[in-house]
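Look at the two complexes coming up: chain A is in both, with chain B in one and chain C in the other.
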Partner chain A sequence: MLTFYIRAVRAESLKLKRSPVWLAFFSLPIISAFFGTMNYTLNIGVLKSEWYSLWSQHTFFLCYLFMPALIGTYCSYLWRLEHTRHNWNSFLTAPLPLSTLYLGKLTQAVRVSVLANLWIFLLFYVCGRLAGIRSPFPREALEWYLCGTLGAVVICCVQLLFSLMIRSFAIPVGIALAGGIFGLYMTNRDYGMNYPYSLYCMGMRANNPNMEIHIPALLVNSAGYILVFAALSIFYLRVHERAAD
Partner chain B sequence: MITLRTEFKKIKRKKIGLTMCALIGIQFAWLLWSGARPDEKEKLQGWIEMLYSLPPISVIMMPTVMSVLASRLADAEHKGSTYKLLNTLRRPGALYHAKAVCGALFILGISIAQFLFIIALGYARGYAGHPEWKRYAAAFLLHLACCLSLYLLQLLLSMLFFNQMIPLVAGLGGSMLGLILMYIKMYSFLPWGGFLSAAQAAMDWNPETRVIHFFYRQYSRVELCAVSMIFIWIVVFYTAGRILFSRKEC
Partner chain C sequence: MPTPYLVETHNLTKQYGKNRCVNAVNMHVPPGAVYGFLGPNGAGKSTTLKMILGLARPTEGSITLFGTPVSEKNRMKLLAQTGSLIESPSYYGHLTGEENLRIIQTLKGCSEKDISEVLKIVRLSEARGKLVNHYSLGMKQRLGLAAALLGFPKLLILDEPTNGLDPAGIQEMRELVCSLPAAYGMTVLVSSHLLDEIDRMADYVGIIRKGGLIWQDSLESLHARSKEQIALRVSHTAIALDLLRQNGIEAAQEEEYLLLPMMDDAYVANLCRQLVAQNISLYRIEKREKSLEDIFLSLTGKESSL
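Right, the complex of A and B next:
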């Protein structure tokens, strides 16, 4: 089973070779970090909580509006490779279980989300130092990172399902943008924990680093969403196979 | 005209209108949520506030919405590899023009829906008096022009690149850049900040009394230049797109 999985991941990596898709994950957090740091330094008289203030400036718009859409774009790209020409035939007749093929795609999406999150944190640290913050880096950042990454995996699963079902490249990206914006509303109404697009922002403590969240609930809800959406995707792939026959 | 009609035939059953409705629906939900249950004071300034609240939402959403629209219209050709076939029947410039007009008609529909919605919402909330029609008409026309300039930029990218990730990421980047511009000044010479220049209302916040006062904007000379830049971008993007697409190897 492990050999199958490694083979699927390698195949997906080959498909993505020399594709500049990672550039988006590299450049958008830079814009957000630049803007956040600029805003922080201009309002340093009001924003007194140092790292915590800087964190809210860095992550608010990025986490709510842009990361879901960015992950959506990447997931759309992953499935677009199969949607174009007759690639579905070769994908569905590959000598690997469908669940493994799906896990190969999910792994790529998760990998890029993990790296993007690492990049966000690295930018946060560098910008903090450049902005003149001398206090030690907050210990909670590791928790933010882990919870945020889990939330990103949830978005990956949701978007992979949409991009699998919808042949258009652009519509799932629009759904992700709308999902992110609606996530803002849901978090404001205290329903964030039950809404897949809010889990990422809540995990990252975007806009509110002092927010108390119930971590076991976050873990259970994230795991639930991951299982449900992954199962739906694999089920859809099986149905798709029958349709292709 | 035939090319334009063909464009509409190509997108039949592609549910582009439905997609746009869904995305604009998010804007409507945002507007509904943001100013729900206004008090008497807010009702007095309601019509101006409505004009103030639309541009920030457009700055965030419209670059991405326009990238989705342009990508949907261009993708029909990429997926079917139809450029060679189409270019032998019609000049590439005419094909590009038809796509631009087709998108412009969608934008017109979207903009009409947005403004009808905010006017209906204003009356439903019981705002005092009536909207100032001159200002609302100016806001509508400038909003239309901003959307068109962004659409033409996105169409250019979507037609030139087979990989639709590039134009969509450009759209997302544009949304983010617009957001940043919003914090700098209420006007911008960049295409993504056009909605800011087009805003007909401005706000004055008194930190001591914590009272917000909305007023109709009086444009300075620089701001007027920023507004005219929206129309310059339309010409630039359309011309560049038409030339680049005509020269593109199919």
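Right, the complex of A and C next:
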């Protein structure tokens, strides 16, 4: 099974060569960091908690808008590769289990989420120093990173299902954007833990002045959503006949 | 009991809504054959091939590949021994021909050496580093065939492989398909709506019309149906038919004519004398030859497009 998984991941990596979605990977966190840092420096009289204040500004647009859009774009691209040029025929006749073929896609989406989050934290550090913050970088940032990445994996699973089911590139990206924005409402109503698009924001401690969350609940809910949406995608791959499309 | 066929379908049926696009097809593909799956456009060829590959689920019936009934459990194992090119070639246009083949090679888990070999077979070695978006349609089709050949599978399923090719490309594809059983021990199941193409490529033929397999046998048997006949038109057809049968001649009536097997001139003259002696007037004596196309049209119906 591991051999099949490695083969599927390698094949997906090969497909992503010369992929244009890396532009979104680099640019969206930069835009978000730029606006966040600008907001921080313009309101430095009110925002006095240095790294924590800067983080609140960085994560606001990022978590509710840019990151869901980034993941949505990436997942749409991953399935678009198969939706076009009759590629379903070769994808579905590959001598690998359908679950492994799906995991190959998921691994690529997760890889980008992990790297995008690293890029976001690097930008956060650089912007903080450029904004004149001299205190040490917060240790809790590692926890925010890990919890945030887990939340991002949940969005990957949800978006992979939508992009698998919907041939259009733009509609799933729109769903990701709407899902992210609605996440702000759900988090403010304290339903964040039960809403897949909010788990990333909660893990990243976006819009969270206390910077505290119930980590076991985050872990359990994220694992639940990951399993459910991955299972739905694999089930869809198994039952939906591309020949009838 | 083990089946002597590499591909065997039993009452294979596919229904979309009320439309039975494949209806109780019993296909038998012998090992080592080039099986030409012939039928007009929309007859159900692609759907049948898709069901064999697991891309569509049969509404009824079953499929046996390599002597093993196909199920969800053994799907992977059977696919590993199968190469396919269905409808149009699959490809990732932003990648080179070689990169496209590397993806299939990785998924199939076959040797890297196969890439160079299949590129050589389809004559794409020089274009291996070119983006597939910049390939011509014929080159894409050849790349699709190269992908199907990767791992040199036991069974190759090609759906209208000459579509979009120029005359030279069509001839090249035909020669290549014909050479595969001898060169690599493959069995080829190839579909086409062109009778001439199947006539030149296949040694076994299945003809599908409106979802039903209406003829299946060796190409020789199909050619045997195109034998020469003598057609007679006479004044009293029924009496003439009796007379011919009394002479041991198997004659068949087709509209106003009696169709007799080919015979020598002396025998025909003798028959004519006997008919006249019975007061039967002879209006016409014709030599008829049914072309392969006539046979195909009589099987598939003249309204079908070729």
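A few remarks follow.
The rule is simple: the second predicted complex is superposed on the first by the 238 of 245 C-alpha atoms of A that agree within 3 Å, B and C clash if a C-alpha of one lies under 4 Å from a C-alpha of the other, contacts with A are read in each partner's own complex, and residues count from 1 in each chain.
The rule we apply is simple: a residue touches a chain if its C-beta (ideal position, glycine included) is under 8 Å from a C-beta of that chain, and two chains touch if they have at least 3 such contacts.
Note that this is a predicted model, so its numbers are computed, not measured.
Of the two partner chains, neither chain B nor chain C is touched by A:R129.
Using the contact criterion defined above for the overlaid structures, shared-chain residue A:K17 touches chain C, although it does not reach chain B.
Touch criterion met: A:S32 reaches chain B, while chain C stays clear of it.
Of the two partner chains, neither chain B nor chain C is touched by A:H214.
In the superposition on chain A, contact is made by A:A8 with chain C only, not with chain B. When the two complexes are overlaid on their common chain A, residue A:A94 makes contact with chain C while staying clear of chain B. Once the two complexes are laid over each other on the shared chain, residue contacts for A:F169 go to chain B alone; chain C is not touched.
The interface of chain A with chain B overlaps its interface with chain C at residues 19.
Those residues of chain A that touch chain C in the complex are listed here as 3, 7-8, 10-11, 14-15, 17-19, 81, 85-97, 241-244. Residues of chain A that touch chain B in their complex: 19, 21, 23-24, 27-28, 31-32, 35, 39, 61-62, 65-66, 69-70, 73-74, 76-77, 80, 84, 168-171, 173-174, 177-178, 181-182, 185. Those residues of chain C that touch chain A in the complex are listed here as 16, 47, 50, 53-57, 76-77, 79-80, 82, 84, 86-95, 99, 102-104, 106-109, 147. Interface of chain B with chain A (complex): residues 14, 19, 22-23, 26, 29-30, 33, 60-61, 64-65, 67-69, 71-72, 75, 79, 163-165, 168-169, 172-173, 175-177, 179-180, 183.
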